[in-house]
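Attaching a single structure in structure tokens format; questions to follow.
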Amino acid sequence: MPHVLVINPNANTDVTDGIRTAVQGLAGPARPIEVVGLEGTPYGIESQRDVDAVAGPLAERIAAESDRYDAFVIACFSDPGLHAAREVTAKPVLGIAQSGVLTAMALGSRVGVISILPGSIPRHWRAYRAMGVSEGVVGDHAVGASVAELADESAMGDRMLAVGRELLEACGADVLVLGCAGMAQYRAPLEAELGVPVVDPTQAAVGLAQTSASLGLLTR
Amino acid sequence: MPHVLVINPNANTDVTDGIRTAVQGLAGPARPIEVVGLEGTPYGIESQRDVDAVAGPLAERIAAESDRYDAFVIACFSDPGLHAAREVTAKPVLGIAQSGVLTAMALGSRVGVISILPGSIPRHWRAYRAMGVSEGVVGDHAVGASVAELADESAMGDRMLAVGRELLEACGADVLVLGCAGMAQYRAPLEAELGVPVVDPTQAAVGLAQTSASLGLLTR
Amino acid sequence: MPHVLVINPNANTDVTDGIRTAVQGLAGPARPIEVVGLEGTPYGIESQRDVDAVAGPLAERIAAESDRYDAFVIACFSDPGLHAAREVTAKPVLGIAQSGVLTAMALGSRVGVISILPGSIPRHWRAYRAMGVSEGVVGDHAVGASVAELADESAMGDRMLAVGRELLEACGADVLVLGCAGMAQYRAPLEAELGVPVVDPTQAAVGLAQTSASLGLLTR
Amino acid sequence: MPHVLVINPNANTDVTDGIRTAVQGLAGPARPIEVVGLEGTPYGIESQRDVDAVAGPLAERIAAESDRYDAFVIACFSDPGLHAAREVTAKPVLGIAQSGVLTAMALGSRVGVISILPGSIPRHWRAYRAMGVSEGVVGDHAVGASVAELADESAMGDRMLAVGRELLEACGADVLVLGCAGMAQYRAPLEAELGVPVVDPTQAAVGLAQTSASLGLLTR
Amino acid sequence: MPHVLVINPNANTDVTDGIRTAVQGLAGPARPIEVVGLEGTPYGIESQRDVDAVAGPLAERIAAESDRYDAFVIACFSDPGLHAAREVTAKPVLGIAQSGVLTAMALGSRVGVISILPGSIPRHWRAYRAMGVSEGVVGDHAVGASVAELADESAMGDRMLAVGRELLEACGADVLVLGCAGMAQYRAPLEAELGVPVVDPTQAAVGLAQTSASLGLLTR
Amino acid sequence: MPHVLVINPNANTDVTDGIRTAVQGLAGPARPIEVVGLEGTPYGIESQRDVDAVAGPLAERIAAESDRYDAFVIACFSDPGLHAAREVTAKPVLGIAQSGVLTAMALGSRVGVISILPGSIPRHWRAYRAMGVSEGVVGDHAVGASVAELADESAMGDRMLAVGRELLEACGADVLVLGCAGMAQYRAPLEAELGVPVVDPTQAAVGLAQTSASLGLLTR
């Protein structure tokens, strides 16, 4: 009975709620998934300082909960604190950027990523390269949404669809990843519209966490 | 309720039985996993001809079962017929080599693979390169077991331990993958002995299949 | 006296005839080249199932002819059955995708590929990556021809020219490969128009087959 | 009727003679191959200065002979003057390092190179990387022969065999390239002994030159 | 007049003093270099938690000193807080791992790294890959020193020499980097003994910081 | 007191003068920098023949001056004669292409290069690949200036700005390198306008030369 804790390391409870909804399809009576926020963290993780600031609190929280759960997911596309958390628990800890991209590579051959902010893209590429998969990532394009558009789900859906199409047509992607923990509601419509697999990274990480916990797999 | 069919594309029922045992930890009342062999196939998949010979029958079997299952796993480390099978069903189809290596990359940073036969290694490397992950694979070493040793579980365990240690020490691996569908019984002892994650590829593929089916993810 | 057999693994005799014409420049009294089709195969190789379906028959045919020829060429840009065929004969067997791209890399520095169908491109990239040359391939763009255009040689030539120019200008290619066995008649006009080397992959493979046979080189 | 000129850019006539012997298997009445040395050049190309020193004279010689031959081969494993020569003639010019490695990649999956001097190996790797094929080259090991051993063909054969075996066993190569223009006599015995393709780079380049000339291919 | 602040983000004043000595060769009346430790930090940076823990304090310190210096160097081979620090100042901030490896690539062709602890090596490789230079790094081997040996400069020198030789001979390195801020005293003897460039990463970073500050270069 | 000699290997004294101006910011009473042209060389280095032609004279000049300077910079973006020069002196010799790109990688994550002539770009890519950094270079685009525009500094600035913007927006670069020794006057305005680091390669090479000379670093 794998019991997974998903931690959203920002203070935006809408994102935490959205994640809770997104992972329901992977939960069950014998497979409980708990989703929590992290107090005292920024409202959004938008800079490297934000990433670094939550690394310590995430590792501490995971250390504190280590006995109560079987696996942990850090629900931010910068995978903050991932390697630190792995030092404080023998239970598997999964990051959503790694899990999202790697799951996509199991579903297709050429990965495109839909990001929110242009400014995050160099940080993302450092991560893809660090993972050793940059040969399989053919593009990471930002929606570049204004605040108004982010709030307007329909406008946002249109922007994401346009970026997704661009990744398929101009970059030759055949599988897409949502480059953010808070985009899960767009996954199914995008997949239906574009006809290629679209991976929500938090869902992917929860799946890997459940599998790892069920099998007794370590992380390093 | 993800219902997964795992197909062992060889005629060795011991391997089929071993896989059935190996994936029990991922099954449950609401998560049935069926494991079958494939008639008329070779006793072992040891050559490219063997790989090519089972591709068609695998795709046909998956096409025929497409309505009865939610996801499919091809349980041979050469991923035979993987892309063909994806053309005949809208359900996700996972290969164990891809799933094993990608899951390993979510658990550690530098992947080592323990293979059976030296002759398979160039084929494996073609696959790692084709996946776009060869930057993350630091070694694929064969146990090079004789027939007598393959039958002798204790001798085989010793050989695998020696190869695993070599991958950690000489190649700098920090996570291992078993490069064969029939080695699952060695996973836990190796992990315990070596202190790094050891991934059984069939387990990894079943996990990804369950996640994909639960979420409605396509494969391409 | 290298005697080469070129097998077109589809049932389209126009393609077989086109290949026969294309390789005449490499034939001579002491260098006979025979070009044959393969019965019972699809009219075109357009899917992975098609690729897998012809792998066995190709290897069988090559095994059967092994004593009568000095080298073999598999004339389909997916290199179906290549590694299987190499297991059944000690004579060199060359694939046209590998030969085309590698010959192009000996003639220029940055390879662009002109393909027919957009759907083949992920399969092509898996092959370039598997070969270990993806760093040298800067683009693979499809002509995306309709059936009418494929039949209309002049319209097709225009489309190929446009795609070639795009590969030079937008991707920085300085050498092109035709990504199909049936495009040889466009090679010389494209080269003349664009001023860069344009490689027909079947010609390239026949050249490598002749060289290998003359020298007694193995393939693996 | 492809007429190929092979230029050995050093002053060692034994090497020139050895090349002449080595390429006989590719010559014929309608396929003459001329092999010449280059006066005023060093006795051996052992340093980057040597490489640079012969670049100009090579390009000049090729410019001067451009009308008399259909293709040119620069027979030194550092490919000196290759890109300069391509600027002075519209006929194809092939380098033996490029041709040797690329031909090997058409025959096998993982290339090992047997070099003479340890000091050349960083220069070789710069070349493999520049070509975009370093992913496919798994090792370049030097024989490290003393002067006495170089003169003693039997001792040299033993050293090359030992290095070849090391590349197969420790690096996982499945095809070998001789990293020098003057080793052709060892090719066939090594291939026979090791059971993998062994490519002499000058033979490979002559083969590509003949093919290119027969087809009217440019180089860039 | 470039005024550089070097921050050693651990509490070991011996390391801080060693750095101060190491960078004297780059200082001058018009080129002052200040070297400081960081209070409240671990005695050594040995884990990812240590790395993450000092990221925030480093960025804060650099923000606080931004007006008083022209460039900053973070003197820990894990480059902690590098990208965060770049967000808080418009002055250039250099990391020693990046600077050390990149400087080495300007001096030679194949980089070997001598590290202290085996456990740091996967973290180092993530960094080399993230930088996009892993193709140029041919090995990172740990001295694996015991506490007694670390204190014994002569024993340590012997170990480093042995590891350096291994990187040259077994991995084909032609330039070395010291993978730690506290090894500078071994640089010159190693270079003298081995005959290849040996880069102290802190010196390299100070050099790049001075150049960047003199020219008004930004960092991102 | 590092005494650096910068050699412009072409006969265009305007370029030599421009370089002299460009490196003033790195000079000082105790850090003299001398900038010279090279007689008998082409007016511009525009072809591979030009590159090869100046290699020998550069190495000779550096050999002749070896005792009088502490480090040498070859101020042409093709790094002509770099490895030859390193063979003739024990003093460090830096190339501006290598130094420019590597310095850029220390300042940002994804490098874009602004070149003059489209025809140089394949040569540039061969160099980036040879250096082992092509994973970090995301684009090299030519200004494609006509002669009139090259003479017109304002028109040229506009073209460079447009190309720089294209590299940031279409290729995702976050740091730029000027791909020529004669563009230094555009560095600061481009950096101010675009808000990312812009590296003049000659300045970068002089910085690395001063650092290397101050520390007694070798080159290989």
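Chains here go by letter, A, B, C, D, E and F, matching the order in which they are written, and residues are numbered from 1 within each.
Quick note on the criterion: contacts are C-beta pairs under 8 Å (C-beta built on N, C-alpha and C of every residue); 3 or more make two chains touch, one makes a residue touch a chain.
Just so it is clear, the structure is predicted and the values come from calculations on it, not from any experiment.
A.B. asks: According to the touch definition, list the chains common to the neighbour sets of subunit E and subunit F.
C.D. replies: Both subunit E and subunit F are touched by A, D, going by the contact rule given at the top.
A.B. asks: Provide the labels of all chains in contact with subunit D and in contact with subunit F.
C.D. replies: C, E
A.B. asks: Would you kindly say which chain has the C-alpha centre located farthest from the C-alpha centre of subunit E?
C.D. replies: Farthest from subunit E by mean C-alpha position: C.
A.B. asks: Among the chains, which one keeps its Cα centre farthest from the Cα centre of subunit A?
C.D. replies: D
A.B. asks: With centres defined as the mean C-alpha position, give me the subunit C-subunit E separation in Å.
C.D. replies: 50
A.B. asks: How many angstrom lie between the centres of subunit D and subunit E, each centre taken as the mean Cα position?
C.D. replies: 41
A.B. asks: With centres defined as the mean C-alpha position, give me the subunit A-subunit B separation in Å.
C.D. replies: Taking the average C-alpha coordinate of subunit A and of subunit B, the gap between them is 25 Å.
A.B. asks: Please set out, as single numbers or ranges, the residues of subunit F touching at least two other chains.
C.D. replies: Residues 108-109, 122-123, 126, 129, 131-132, 134-135, 174, 220 of subunit F touch two or more partner chains.
A.B. asks: By the document's touch rule, what are all the touching chain pairs in this structure?
C.D. replies: Applying the touch rule to all chain pairs gives A-B, A-C, A-E, A-F, B-C, B-D, B-E, C-D, C-F, D-E, D-F, E-F.
A.B. asks: Show me the residue ranges of subunit D that touch subunit F in the complex, using the header's touch definition.
C.D. replies: Residues in contact with subunit F: 47-49, 51-53, 55-56, 59, 81, 83-84, 86-88, 122-123, 126-127, 129-132, 134, 220.
A.B. asks: Show which residues of subunit B lie in contact with subunit A when the two form their complex.
C.D. replies: It comes out as residues 25-26, 28, 30-31, 92, 94-95, 98-99, 102-103, 105-109, 131-137, 174-175, 188, 191, 195-200, 203-204, 206-208, 210-212, 214-220.
A.B. asks: For a test of understanding, state which residues of subunit D touch subunit B in their complex under the given definition.
C.D. replies: Per the stated touch rule, the residues are 108-110, 135, 172, 174.
A.B. asks: In the complex, go through subunit B and note every residue touching subunit D.
C.D. replies: Those residues of subunit B that touch subunit D are 121-123, 125-126, 129, 134, 140.
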